[in-house]
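Naming follows writing order (A, B and C), and every chain is counted from residue 1.
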Amino acid sequence: MADLFAVWIAVFFTLAIYTFLYKENPWFRVAESIYLGTAVGYGVAFDLKYLRDQWTGVWSSTGLMMTAFAFAILVGLLWYFRFSKKYFYLYRWPLAIIVGTGIGTSMRTIIFAQFLSQIKGQATLPLFVAGDPMTSFNNILIAVMVPCVLLYFWFTGGSRELGAMKVIDKIARYTMMAGFGSAFGYTVLTRYSLFIGRSQFLLGIPPNPPEAKMAFVTIAAILLLTLFGWDIYKRQTPEIPT
Amino acid sequence: MSVLEKLQTIDRRYIYLLGWIFVLVPLLHPLGLPVSIGKYSTAYYNYLDNVPDGSVIMVTFDYGVSAMPELYPLTIATFHQLWNRDFKVVIVASWNQGPLVMDIVLKELKPAETYGKVYGEDWIELGWVPQGEIGMAALGKDIWSTKPADYIEGKPTSSYPIMQNIKTAEDIDLIVSFETGTPGLPEWVRQWNTPYGTPMIMGCIGVMVPEVAPYLQTGQLGALIPGLTASAEYEQILKHPGLATAGVDAISMSHLLVIILVIVGNAAYFMSKGRGGS
Amino acid sequence: MSETLRRIEIPIIITIVCTLLQVVPYFVNVPPIEAASDTFRSWMVLVATCSTLIGAITLTMGHSKTIQRQGKGWYFSVLTIVFMLVMILTGLPIPEVGLGEKNLVYDFCFKNILTPLGATMYSIIAFFLTAAAYRSFRARSLEATIVLIAGCLMICYNAPLMTVAWPGFTPIGDWIFSVPNMATMRAVIIGSALGAIALAVRALLGMERGYLRGGGEE
C-alpha cells in the first residue's frame, strides 16, 4: 500500500511539472515550490552528515585534531556574517580560504592537464599518414582549424585588420559553427533521453513499477480536466469591468 | 494568413503534443528497429575487457537524479561487466546525490546474490567526496583520511580487506566515471590523470560529449560512451538489454520528429520568402 | 582594531597564502610542507561545508517576506519552507533518534519527490528545444546553414533508425565530432587554461578582487 502511494506521488509530481507545457498553472507552481524546498533541505542534510562523519572518522582521533575541527567550525561560522551589514567583512575570510585553495589546486595541474597536453596532442598530429589519406586530410584540417579558432579570440595588437586575419576569422567561424551544430545534435539526444526515461517510468516499463501506468492515466486525466476546465470557465465567465 | 505563414507560427503546444506522441507510441509499441554497434561503445567494452583480473577500479558517480534517465542504464551495464570479472571495485561520488543513485543500482543488481560479490572484499562504497576538485585532490593524496568511513556500514575504511592496499591514487588502476557536468572529467584529469597517471574511461550525457573530444584525442580519456544511444549499443554488446535498449526506438522517433520539423520550418520559411512574404 | 580587521588586505593575503600552500608543495619536494598542505586541504573542506546553511537562510528570508506581505502566491512559499524544514529536520545526522538518511520521511521525500522532480525538470527542456528548432532554426546565412546542417547530421547520427536506413550518417557524424568539433573544443580548452592561469597569477599578485565585492547591503 505504501509503495502504491509512493508511486502515485511520484507520478503526480512528474505530471505536475509537465503541465507547464500547457501553460503556467498552480499544479506546476506546487511542484516547483516543493522541489526547491526539498532540494535545498537535502543539500543541508547531506552536508551535516558529512561533518558528522568527518568528526567520528579522523578529526576526533587526537586532541590536536579535535581543536582543528573546532577551529574549522568557528571559521565556518564566519560565513553567516554575510547577512550582517556591520560585520560583512568577516564573511570574506572563509571565502578567501576557499578561493585561494581552489585556485591553487586547479592551477598547479592545469598547465599540464589542459594547456601542454592539448598543445602536445595538436603538435604530434601526423600530417601525412601512409595509406590513409582520410586521416591525413583530417589531421591537416585540425592543424589549420585549431590555430584559426585560437586567433579568432586574439584581440591584442592591431593585427585584426590584416587580410590574412579575415581568412582566419572565416575559417574559425565556420569551424565553430560546425562545432555548435554538433553540440546541438547532442543536446537533442540528452534532452530526449531524459524525457524518454521519465516516460518509461510513467508507462511502468520494467524495472519501473507497473502501477505507475494506471497512476499516469488517472492523474493525467485529472490534471488535464482541471486545466481545460479552468480555461473554459474563464472564457465563459465575462470579466467584470472595474 | 497563408498556409505557409500559419505553418511558421503554429501554436507550440501542438509541437509539444507531437513530442509526446513520438516518444510514447514507440515505448508502448516497440518498433524493434535494429541497433548498429558504433565504435565508441565497442572501444569502451574492449577497454574494460582488456583490464587484467585483480585490478582496482574506482567507479565515480558524477551525476545526480536529474541525469538518471540517461546515465542509469549505462551504470547498470557497466557494473554488470565489472562484477562479472574479478576486479576490486571502489565506489565514490563527487555529486552528493551519487550515493543515492548507487542505492537504486544495488537494489536492481544485488551484487551478492547475482554475482557472488562480497562487500568489503570485492567492492566497497565510500560515498560522497565534497568540494569537487579540492575533494578529488584530497582523495588522491589519502583515500583513508578523506573517506574515513564507508557509506553502507559506516565502519572505518581501513578495517575492510579490500582497502588494505588501496590508500592513494597510485593504488587505483582505472577510473570509470559517469558524468553530467562539473565536477567531472577536467577535474579528474587535473587531479588524478595528470599527477598520478591514472587512466580513465567515462560515460556522459550527450550535452557533455562535444567538450570531451580533445581529451579522447590526446588519450587522457581512454574510452567514452557518448549518450543513451551508445549505452544501448553497449547493452547489445554485453547481451544485457536494459532501459537504454528499451528506449532506442523512442530516441529514433523523437530525433526523426526534430528533423521533420526543422525541414518543414525551413521549407515554409523559404517558400514564403520566395513569395515575398514576411 | 575593528578598522584593521576591515582592511581588504587581510582576505587578499589569506588568498595568496592558501594558493601558495597548494602550488608550492606540488613543485618543491619538502615533506613537512606537503603534509601541511594536505591537512590544510582536508581542513578547508570542513570550512567550506559549514556554508551549507547560507542557501537555506537566503531562501527562508526571501520567502518569509512574501508570506508576511501575503504577496502573490504566498502559499507556494509556505510549501517551499515547510518541505525544506522537513528535509533538514528528518535528515539531521542523528541516527540514534531515528533521524538521518534512513529516516522514513526523509527517504520517502528523496525517492518519491526529489528524484522524480529533479529528473522531470531537466527533461521538459526537450519540448522547448523542439519548438525552438521548428520556429527559429533557419538557414538565414552561410554560418546558420552550417550549424543547421551539422546539427541535423548529428541528430541523424544519434538516431539508430537513421544510421540503419543510411549507414553514411555514421562516418559523417564521427567526422563532425572528431574534426571541427574537436578543433573548436581544443581551442576553447587551451584558451580557458590560459585564462585560468592568468586568473591564478592575478590572485597571487593580489589584483583579483572580484570575489571580495559586496558590503552586506540588503
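Keep in mind that, in the parts below, a residue touches a chain if its C-beta (ideal position, glycine included) is under 8 Å from a C-beta of that chain, and two chains touch if they have at least 3 such contacts.
Remember, it's a predicted structure, so these values are computed and weren't measured experimentally.
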item	value
Relative to chain C, chain with the most remote C-alpha centre	B
Chain whose averaged C-alpha position falls nearest the assembly-wide average	A
Contact-richer chain pair [A-C vs B-C]	A-C
Length of the line joining the C-alpha centres of chain B and chain C, rounded to whole Å	18
For chain A paired with chain C, centre-to-centre distance based on mean C-alpha positions, whole Å	6
Where chain C touches two or more other chains, by residue	26, 41-42, 44, 48-49, 110, 114-115, 118-119, 121-123, 126-127, 129, 133, 148, 151-152, 155, 158, 177-178, 181-182, 184-186, 188-189
For chain B, residues that touch 2 or more chains besides their own	16, 19, 66-69, 97, 130, 134, 137, 145, 195, 206, 209-210, 214, 217, 226-227, 229, 251, 254-255, 258
Residue numbers of chain A (touch at least two other chains)	21, 42-43, 46-47, 50, 53-54, 58, 101, 105-106, 109-110, 114, 118, 121, 179, 182-183, 186-189, 192, 194-195, 197-198
List of chain A residues in touch with chain B within their complex	21-22, 42-43, 46-47, 50, 53-54, 56-58, 101-102, 105-106, 109-110, 112-114, 117-118, 120-121, 179, 182-183, 186-190, 192-200, 203, 205, 207
In the complex, chain A residues that touch chain C	6-7, 9-11, 13-14, 17-18, 20-21, 29-54, 58-59, 68-69, 72-73, 75-77, 79-101, 103-111, 114-115, 118-119, 121-122, 138, 141-142, 145-146, 149-150, 153, 173-189, 191-192, 194-195, 197-198, 201
Touch list for chain B against partner chain C, complex	8-10, 12, 15-16, 18-19, 33-36, 38-39, 64-69, 97, 100, 130-131, 134-135, 137-138, 141-142, 145-146, 195, 206, 209-211, 213-214, 217, 226-227, 229, 232, 248-249, 251-259, 261-262, 264-266, 269-270
Contact footprint of chain A on chain C as seen in their complex	5-6, 8, 10-12, 14-23, 26-27, 39-44, 46-57, 59, 61, 73, 76-77, 79-88, 90-93, 100-101, 106, 108-127, 129, 133, 142-144, 146-155, 157-158, 173, 175-194, 196-197, 199-200, 203, 211-212, 214-218
Residue ranges of chain C touching chain B (in the complex, touch as defined)	26, 38, 41-42, 44-45, 48-49, 110, 114-115, 118-119, 121-123, 126-127, 129-131, 133-135, 137-139, 148, 151-152, 155-156, 158-164, 167, 170, 174, 177-178, 181-182, 184-186, 188-189
